[in-house]
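One chain, subunit A, links the two complexes that follow: it is found with subunit B in the first and with subunit C in the second.
Here is the complex of A and B:
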């Protein structure tokens, strides 16, 4: 009887450990979100809010190790092989060789990647880059509430995270999870989004109206919905100036699906 | 006593089996959960074709490089079914690094067939991005392409190709684009009216420096750009805005034919 009880208890423990291992192994990649309304920093005529459909997003940015594995199976994206239309001179510049991370931390977010390479990585994984609206939907969440602006100290906190990024960003996943369980949206690197080159504020227009003007002109931030959300202003301004072959040591990405 | 022993054995067996089953179930759940979580939102089948070709312009012949990680491995960089009138399709190894032909994804043309940029190799091309429901700027963009064709010498015009690529991957269809082209008398040889996957469309726009955004109500904001590609797919002229002089485009096309 005692043996049986012990055995039962043991089985239960084994099962629980298995369940925990299983959870740890799989729950760590993406979270599924219901989507909803996103308040755009620069509302577009007739588009005060954008509605985002349900989607999934990576909990952490793509790491050097992840990208190295991708280059092993997709050699066309290795630094010595990628055509210049898809990646400029700075592409993976800190890598000593095509498949060598050198001194880089395998767990740090991959940076110095072009938009084309980031999009190809996500596609190879069966996903895609998050749209700007999806990314902002996640980034606008607080740490305890779905709407960061409702949280005391949110703007200051995000701005501090954004401003205090290190030149060599540390391992992914160390940041505090936000309301949706997503990490490192602000503290590590800038991130590519799917719809670069969409900073427009006019419809089917004969004039090339351009939201960039609002972003780069002095006093342009007067058009922003929430003038205190300076971190968001920085994000929009940074993204609006990017070309697809550009890369920088402070720019990485994560995937959505 | 014997019965009790037997009972204990059976009980043990059942317990072991249950635990095994539970573990197996958990493992199976583990295996299934990840792909399910990563499952992308539904996309047109064309989205998968973009990975067909591994572009290695370094040293290998293209045909050897028809390698891909996906099921579409038979679509090499160079489409072997390329139109007979474009026999000089460049191998990836010969492509300049700045050639747009490195973009290997398959578009769908107005006749429903697949179309890859590399099929344009050997002759100059005028590229315009537009969309079918666009009533203001797009007709003028299409008109620019028409005006370019009309202003070329007949010999040069006969070799110039026109690529009209839709932004509206959700609403435009091959039939719709064919009707659009037909209405303008432009459903004809050398005029390719294309739709791609959302990614392929964004990739091409990014390569061309064309900005666009889906305003969500069937309207796209977009920049008005006409690009000329030389016979190797390298952009050699760019008209920005509407109603601008066509001369730079005409010169680039003529140079590409000479």
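Here is the complex of A and C:
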């Protein structure tokens, strides 16, 4: 690396840090929610409905530009430096270099990130990944009502948003805000949650196992709360197969706090 | 928040305990069955050499000397796939093998009808997925690969598999992953395979099915032409023929109100220049599957009678059949000789599906006419009953 390119890189990093701090200072990037009961697709028999405590969540998924700024201040998460146990081969695969988005849209959601990297990003921001229950609490909201199921055409609309996503997601924030003012829960990318299931012991491994079994095969929907909520089936099925070092071009994240 | 889920150590201990108990019970049960079914010698070595142990009441039990060979001693063979309407080549082998099969899942926009596109989820990039063909008793090592550009997780349930989910659990993979499992083809026959990831109906409705043929040890009788046809029903937002890229319509699927019922994944896939061809005098065999997800097929070839039907794809052979019922998630093998030239339409004889929803294919037979069997029109004249009185 020549002195000049090093200097350019350095100034870029400084600029990005400034940009990132600036972004973090903007209070309107998250919404605070009261929490409450959440209907998970597969309630665990004998357990009461899951209740989520008050929390806040990002209005939109983390963007490429956001993540680039993070990599400037946390070089240990750059592709060439991150240990393979924390990020598999596909990690940031579309980036030409450690701090180069190439042709990626800076405003598009960051994808090809591992769970570990996503969790580290949120931690660096003083937050964390939302739990599955929190994420579902927000995702179950309609566009005009706190419970999407009460809204005519909600299941169909969300399924269409989920199943017809493009392989290359567009900019964040274009989707219609839901009841809580949160955007892009369905139409853009899959999103990491804190407790992803089988490979993690953050939840009760017994019930995680049961739920995972329910996601495959003919009898799969027997225990589901809403058998016509196909989008929820897709989400739960996707999450059930994930490991922490996994990444894909269709999987991003947002933070909670 | 999620207080019950905070119970990690206790849950983990229960899980481990449950696994240990399950293993102990499994060993006890399996062990006794093995002893009952085969010689103690074989049973003792089973855990190591993967020889097959079956209850001896199975009519198609694998009891030949080759079936007792350890898997490591079997020759390894690459599975050859057949893309519809072409079949996978017949198993040209009179010995047991270790067959390795690879299949990829993809999501891609393909033609459903003229001017109509659909975002299909596929095995092997086609609907139906490619035909897999093995021999009764083969040990199959199956690898499923989910293309990195996929958005959905996928897996496969092969109806030819004896074991948990037909392989569904073992092969559940996210985009950019692959998974492998193995099975022995314990039963000969014609079997559907399909994706079994939640929501299962949607994965099937989007085209994720195909056939795996397990030939009996002697193979099927050689015939002149073999074809591979699979029926499926599709549920689009727009009605039949409505142009453009059509979305999946969940409510329609639940209501079993198919917009399309097609052979081999699209309207016209077996019509005109895509028609099947045979020569007069040929013996024709069709491996016909029904992926569903909802509708039972009344499979019929207009102007032909099936000489034989392997009912439901199994060993029961029926003769002289006009229409055979093929359930969703089922298959059949039909054979017939073609005696006279003509265009023979393959249909689902629930006939509105054929003429209004796409379930028509063509078998064009060329060659010498035979008036002793069938004359074309020999006479036409006005008919007026009133004038004769």
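By our rule, the second predicted complex is superposed on the first by the 215 of 257 C-alpha atoms of A that agree within 3 Å, B and C clash if a C-alpha of one lies under 4 Å from a C-alpha of the other, contacts with A are read in each partner's own complex, and residues count from 1 in each chain.
Just so it is clear, a contact is a pair of C-beta atoms (placed from the backbone, for glycine too) under 8 Å apart; a residue touches a chain by one contact, two chains touch by 3 or more.
Just so it is clear, the structure is predicted and the values come from calculations on it, not from any experiment.
In the superposition on chain A, A:250 makes contact with subunit C only, while subunit B stays out of contact range. Shared-chain residue A:50: touches subunit B and subunit C both. Residue contacts after overlaying the shared chain place A:111 against neither subunit B nor subunit C. Contacts of A:195 after superposition on the shared chain: both subunit B and subunit C are touched. When the two structures are aligned on the shared chain, A:164 is found in touch with subunit C, with no touch to subunit B. Contacts of A:178 after superposition on the shared chain: neither subunit B nor subunit C is touched.
With both structures placed on the common chain, the touch criterion links A:140 to neither subunit B nor subunit C. Once chain A of one complex is fitted onto chain A of the other, the partner contacts of A:234 are limited to subunit C, with no touch recorded for subunit B. Residues 44, 47, 50-51, 53, 195, 201-206, 209 of subunit A touch subunit B in one complex and subunit C in the other. Against subunit A, in their complex, subunit C makes its touches with residues 1-2, 4-5, 7-8, 11-12, 14-15, 18, 119, 148-153, 155, 157, 165, 168-169, 172-177, 196-200, 202, 247-251, 254. On the subunit B side of its complex with subunit A, the touching residues are 8, 11-12, 15, 18-19, 22-23, 26-27, 29-30, 33-35, 37-41, 43, 47, 50-51, 54-58, 69, 95, 97-100, 102-103, 134-138, 140, 198-199, 202-203, 205-207, 209-217, 219-224, 240-242. Remark: subunit A residues 4, 7-8, 11, 14-15, 18-19, 22, 25-27, 29-30, 32, 44, 46-47, 50-51, 53, 55-56, 73-76, 80-81, 83-86, 115-116, 119-120, 123-128, 194-206, 208-210, 243-244, 257 touch subunit B in the complex. Note for the complex: subunit A touches subunit C at residues 35, 44, 47-48, 50-53, 90, 131, 133-134, 155-156, 159-160, 163-165, 167, 190, 195, 201-207, 209, 213-218, 220-221, 228, 230, 233-234, 236-238, 240-242, 246, 248-250.
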